[in-house]
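Each chain carries a letter (A, B, C, D, E, F, G, H, I, J, K and L) given by its place in the written order, and its residues are counted from 1.
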Amino acid sequence: MRILLLNGPNLDLLGEREPDIYGDDTLGTLEAELAVQAEGLGCALRSVQSNHEGALIDAVHAARKDCDGIVLNPAGYGHTSIALRDALIAVRLPFVEVHLSNLAAREPFRHRTLTADVAVGRIDGFGIYGYHLALDALVHHLRARAAAYSEKN
Amino acid sequence: MRILLLNGPNLDLLGEREPDIYGDDTLGTLEAELAVQAEGLGCALRSVQSNHEGALIDAVHAARKDCDGIVLNPAGYGHTSIALRDALIAVRLPFVEVHLSNLAAREPFRHRTLTADVAVGRIDGFGIYGYHLALDALVHHLRARAAAYSEKN
Amino acid sequence: MRILLLNGPNLDLLGEREPDIYGDDTLGTLEAELAVQAEGLGCALRSVQSNHEGALIDAVHAARKDCDGIVLNPAGYGHTSIALRDALIAVRLPFVEVHLSNLAAREPFRHRTLTADVAVGRIDGFGIYGYHLALDALVHHLRARAAAYSEKN
Amino acid sequence: MRILLLNGPNLDLLGEREPDIYGDDTLGTLEAELAVQAEGLGCALRSVQSNHEGALIDAVHAARKDCDGIVLNPAGYGHTSIALRDALIAVRLPFVEVHLSNLAAREPFRHRTLTADVAVGRIDGFGIYGYHLALDALVHHLRARAAAYSEKN
Amino acid sequence: MRILLLNGPNLDLLGEREPDIYGDDTLGTLEAELAVQAEGLGCALRSVQSNHEGALIDAVHAARKDCDGIVLNPAGYGHTSIALRDALIAVRLPFVEVHLSNLAAREPFRHRTLTADVAVGRIDGFGIYGYHLALDALVHHLRARAAAYSEKN
Amino acid sequence: MRILLLNGPNLDLLGEREPDIYGDDTLGTLEAELAVQAEGLGCALRSVQSNHEGALIDAVHAARKDCDGIVLNPAGYGHTSIALRDALIAVRLPFVEVHLSNLAAREPFRHRTLTADVAVGRIDGFGIYGYHLALDALVHHLRARAAAYSEKN
Amino acid sequence: MRILLLNGPNLDLLGEREPDIYGDDTLGTLEAELAVQAEGLGCALRSVQSNHEGALIDAVHAARKDCDGIVLNPAGYGHTSIALRDALIAVRLPFVEVHLSNLAAREPFRHRTLTADVAVGRIDGFGIYGYHLALDALVHHLRARAAAYSEKN
Amino acid sequence: MRILLLNGPNLDLLGEREPDIYGDDTLGTLEAELAVQAEGLGCALRSVQSNHEGALIDAVHAARKDCDGIVLNPAGYGHTSIALRDALIAVRLPFVEVHLSNLAAREPFRHRTLTADVAVGRIDGFGIYGYHLALDALVHHLRARAAAYSEKN
Amino acid sequence: MRILLLNGPNLDLLGEREPDIYGDDTLGTLEAELAVQAEGLGCALRSVQSNHEGALIDAVHAARKDCDGIVLNPAGYGHTSIALRDALIAVRLPFVEVHLSNLAAREPFRHRTLTADVAVGRIDGFGIYGYHLALDALVHHLRARAAAYSEKN
Amino acid sequence: MRILLLNGPNLDLLGEREPDIYGDDTLGTLEAELAVQAEGLGCALRSVQSNHEGALIDAVHAARKDCDGIVLNPAGYGHTSIALRDALIAVRLPFVEVHLSNLAAREPFRHRTLTADVAVGRIDGFGIYGYHLALDALVHHLRARAAAYSEKN
Amino acid sequence: MRILLLNGPNLDLLGEREPDIYGDDTLGTLEAELAVQAEGLGCALRSVQSNHEGALIDAVHAARKDCDGIVLNPAGYGHTSIALRDALIAVRLPFVEVHLSNLAAREPFRHRTLTADVAVGRIDGFGIYGYHLALDALVHHLRARAAAYSEKN
Amino acid sequence: MRILLLNGPNLDLLGEREPDIYGDDTLGTLEAELAVQAEGLGCALRSVQSNHEGALIDAVHAARKDCDGIVLNPAGYGHTSIALRDALIAVRLPFVEVHLSNLAAREPFRHRTLTADVAVGRIDGFGIYGYHLALDALVHHLRARAAAYSEKN
């Protein structure tokens, strides 16, 4: 099983921004830790981060060739990008949406994401630990689906 | 650490309703499995389910005496109960909100819960597996908080 | 055929409230009259009234074991209870919604009920006579469904 | 007692449209059956159907001379015709509104009708059986009103 | 100068409906009185009333050939007919909109008419006297326009 | 009969502002012309103009002692002044609201006035000629009311 | 005169929650103090508190037999319970609504209560002192009503 | 293949209204040109225009007997007629919606039509050339559908 | 302690307007009675009433020099005056808002005041008795604040 | 005449996504077919596709130097990109907007595009055939404009 | 060039209110400093401040006789005064709107002013320095306009 | 002090677009003039322009290393980019927002920017002169902040 970890805008600043809240792990460290967790779960993890909406869409397109699912933190684009939503629908890969903060406790324009309703599920509010939960949840989902599929056939 | 597992209306029908989707585990089985997981994490789990809004509030009140956190699936009351929200704020216990289905993919009146913005975080869409993630996340949160606290003092 | 007659909050005051409009039949009398009508239609009628949302949900759950359909006047909870709606969907029993008054002629917050769109149909504005129409309609619906079913098999 | 049965746009296609749902009775058959039911209730029934909003208003005006009440299915015009509403108010005839489908379960623009709040009551969701309920309800209403009136005088 | 007096739905019932408020003049009487007033102002008045939206549009179209302006009471269609609005714009005839009642004091759906913003002006709340004011205002407007025109040329 | 002509903010600039549209009559000239018209109708006219909301309210209060009705152009305060509305209701004097321009054709915040629904009626779009119509309409209304009153007693 | 003091959800925690703001009086103490005040005013006070919406409705129903008025703090149910509103209307007892905090200064969903418009009046923002004001106001109201009644008869 | 060309209100004025924009072709000329184009595409074209909503509905009903598809310019009724929408759904004929002007550039009440979401597609903004595109598109659609159908069988 | 009693527009008519409801006390009498109550509470009361928004703001500004708190009935300006709200915030004096009628039972535009959320609390629906409650509440608040202050220091 | 064919995000997946609906033509094939059609119409066609909003804007800017018009499928950016709209306005090139699906039949957030009201016209719902119609329509528009221009000069 | 500096309600408290934020300059000091700046720019500055909406309107009217432009801080009236807006439009003087605080960062009812869209431009968030920017901007605008005018003539 | 001048989409066309309004200065010229002004103020200015949202975010990120503040014209992205807003918050650099046109006078979707409430202040409507004001304001702000800081320490 191959998983794409896809991080949206401003997540390249992780570890610099408010280290007292989220710890001082940088994005690099987080990606490394998740790769270890993935390996433990028998998966390979590929990581992409970009501040460019188009680059995120390109990465989703590319994933249809070599990935089985996506852990996605769309950050700010989650609230505004219909194009990203369309890309996710087009490639038909299951994905889990994760947010560092509890979106329901923030500005009204963050209460809805355009991607959540086509995700497998959503996890928010647990800081970087949310990524570990999301990876766990995605692998569980892919395995359950595979099991259900082989049971049928 | 003692955790309250609090389930709202209609969750007593778990396992009867659409077993092809959520598996045929009943609420009893789920509660037992979560108790085992809790034990593995060094916690004790107490379970309450009710179809009565007032009974859920009473349970939250009671928890302030003997629990450190709550895993809450408010079900239908999550969208309508300001009284439940007030109870959760009053007892000042950290809680994680979990939903079986992906609320963002359902009717508009389910897109917002009145409890989510005062929760630690929210997890939806992973079926009963979401409860395992929620318990994991709550324990992680309580430990991190305790660690931060002893570091300060 | 067994029918549940389920009455929501404040309907225990029937006959006391504005007898000049609805007649001075109490809830007891109405239940008795409907039981007679039911018998005439070859059905058994069981009656429940409660001012407690949770008790109504419990009654709906119980009905899944021994009833074929529900005549429901959700009263005030019809406008606010997603939990009641979920219970009705969960037990998969056909139900007819009835209201004493013409909801369209009252306050805006009564124009929509959260239960109506999952009902077989809705009857409002005919006072207590509406219950007789609702029982008639429900039995007709159950018979037509049974006929269609046996035709198919 | 004389009753006007007034059917709005597209109901001339009854019996052709989705016969598997509503049966294959045409509007003609329905009108005949309701005439029989009316006779059994001691009333005379006159039937009008039109796809023209103005023709429906003309029919309402005409009814003030020779009818005691109206069974009305305004169909699409129920949601848009203030002119039809005004006609019904102007002639001061009690009317019962009936719809084949359960409007609450359809598009949002069908959830409100401009005529319902000035009707005696509303019945929706029971297919053509709803007409029988509506006729029953209207006759019951007219009799109760007459009884109340003679009691007073 | 030729003026079209155009009355919309339900105005054929004038004089029958609430004579204690509007007097017991029928539409016929009103049309006759306005014809006299018109003559006094040196104009000819032609009157049309219909309950049919299409007939009102046809009348507006016809007016482009032989009228200089319109006194219009669109009644219920004023709130719903974009088609009538389009007809009035298309024929480019100045018109004055008049309503028997004070629309601002009635249901919210009567607060806006789709025709008023393309009218010369609007008069409401003065009962049938409003027609006299409207005819006066329209003739004044046509004369002022003609005067301004001849001044320019 | 004594009438108050009450003009709101910016109407002191009449005749200076866009004379090509409304003519070059100043407010003084208009008041004089209306006084003549009033005399012809057997009334006395008193005129007040102010740019101060409070002064308009004071004037309405004063009118309860010596006036029978008001011709009111509230101008900008018509859209925002609940206090002016309350004053008009408190003194219980019939008033006619008049606006120079056709409000329905202007910015959305001008489509509603807070005074119109408690007026006898409203006239808009006829420039300064609207004042003549309004005075005519008010006198007609006061006479009709007086006639109806003496008929009763 | 007999008064019901009716407290809604979470008010059983009074004195525990933020004692620095509201003082450390518990609900028991408050009830006792109000009983003393009532006695001073020549009334008897009966107190009920519940976290159950249905229990509050039952209490309102019961009050119609032995109380003359209600001091009501509906807490969270004030914003959501149409059923409670209906109960209050049904028993026709005058009631005064009181809230500890100034609702206008809190979340938007607290700005409106469904009970306030059928209350005699509302008092909010004065902490537990508001109950004393409310009891004072209710007794004043009941006396004024009684005085007006005996004056008439 | 037989096509109905159905034109709504005010389109009878085509060629008279703003000839500098749309050319001076009348509706007659347009119908003739489209008949020629239809012939070239191997179809027969029948044309109907009416200012009466009911007449348009009647025409749609009639088309179910002798047409394969409809080119529809509903004009003003497109924004307001649920009855017309229902007729189009009832007869189950594919139709293409066409508008002379670019509706997105006009008043907000023209941005949505009640018919567009049940059309095959929509074309707006190309003046009368839009009809040629619409006819082309409809014939293409009918052919593609027929081809897909014969391929399957 | 010095208190400002500040009354907004139209309250100068108190006692004239609907004496059957509010008694026939004029504003003068009310001010005198409140001065007596103030004296009994050990305070001095200064009274201002104006129909001018600016004069009310001036009075608030002046109060910062010689008053400890304000009893405010903003009347109509409460719903529209951001300037008055800003004045109250600027002078930092605690104030209690009082309304004669129950605003929640009146027109929607009266349900919100722009001043309430910065008040200590709000009292509405008790007629002129509400002023006595408000004065009582304000003095209680000022004393409690003073007590808390001296306790701290 | 030179035309730019500009395709927005996810259209690079054409032919892969749901080939049963849109055929299995890829974007490459479509571009080739349109180039042929363009040639037949005496035009040159240049094609650009990008998933990057900024790249689409750059392409629009570049077109002002060497194109006479644009066939634009903005895909997801059509609903969200004010920047793209501004680019189109800035370069003042006529463009035709085309969408594969019938947007009116999809999610509400697709009902409006920010580009449509500044386009010549819009075509939606005809799959890839819509591009052929759009090219046809654009060329027709450019020719008509050129003809009108030379007629004037 | 003569400039009017017009300050709205509560700005007379400048320097008293939160001196730590805006400095301890009073309105008098600010007016003096701006007069110096004006002189340096070759202009004369006249200053008016009032808490009365009507007085601000009067000042705008007066300015049409002796000023070339206005620096306006409408404060609270900017959000509510259509009358002030109308005055500014009527006198046709260019004005620059300035606010001490960043309105976008405050309550929603401050996000829009009724005057901004008819201003030359708006400056907010820079404290009293904003007035210096505004005066600079207004003079620049008046000079550019004069230059463009003389270039034309 | 180092300042970043950051210009969003379509500003590369400055000087080409409507030179009669904004003058014929290109973006290059403007950048040069602002560099001179910056130098005069003792600052260094670095300029970036991009049509790519992601590039603007990258530029904001880069600025955290070598700039003290930003003059930002976000153009179209100001209304839609939550990602850009998040970048500005993350880097914690003070910025001034500037717009060429007066946004309040344009389409409703331009009335709000997602960046303004986290800016120091906003300047709009003064054409390119606004940049000079913005640079002036930003430098003033940075100096005042530095002065306040050194005063404290």
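As a convention for this text, a contact is a pair of C-beta atoms (placed from the backbone, for glycine too) under 8 Å apart; a residue touches a chain by one contact, two chains touch by 3 or more.
Please read all numbers here as calculations on a predicted model, not as lab measurements.
*Asks:* Enter the minimum step count from chain B to chain H; a value of 1 means the two chains touch.
*Replies:* 3
*Asks:* Touching both chain B and chain E, which chains are there?
*Replies:* none
*Asks:* Given that chain B and chain C are copies of one sequence and touch, is their interface built from the same residue numbers on both sides (over half shared) or different ones?
*Replies:* different
*Asks:* Indicate the whole-number Å distance between the mean C-alpha point of chain E and the mean C-alpha point of chain H.
*Replies:* 33
*Asks:* Taking the mean of the CA coordinates per chain, how far is chain A from chain C in Å?
*Replies:* Between these chains, centre-to-centre, one finds 46 Å.
*Asks:* Taking the mean of the C-alpha atoms as each chain's centre, how many Å separate chain I from chain J?
*Replies:* Each chain's C-alpha centroid was found; their separation is 64 Å.
*Asks:* Measure off the straight-line distance from the CA centroid of chain C to the CA centroid of chain E, and report it in whole Å.
*Replies:* Distance between chain centres, rounded to whole Å: 50 Å.
*Asks:* Counting only residues that touch at least 2 other chains, which ones in chain C make the list?
*Replies:* Residue numbers touching two or more other chains: 52-55, 80.
*Asks:* For this structure, give each pair of chains that are touching.
*Replies:* Contacting pairs: A-B, A-J, A-L, B-C, B-G, C-D, C-G, D-E, D-H, E-F, E-H, F-I, F-K, G-I, H-J, I-K, J-L, K-L.
*Asks:* Quick check on the complex: what are the chain K residues that touch chain L?
*Replies:* Listed in rising order, the residues of chain K that touch chain L are 102, 104-105, 111-113, 116-126, 129-130, 133, 136-137, 140-141, 144.
*Asks:* Once bound in the complex, which stretches of chain A touch chain J?
*Replies:* By the definition above, chain A touches chain J via 52-55, 57-58, 61, 80-87, 90-91, 114.
*Asks:* Spell out the part of chain I that touches chain F in their complex, as residue ranges.
*Replies:* Contact set of chain I toward chain F: 8-10, 12-13, 17, 50-55, 75-77, 79-80, 109-110.
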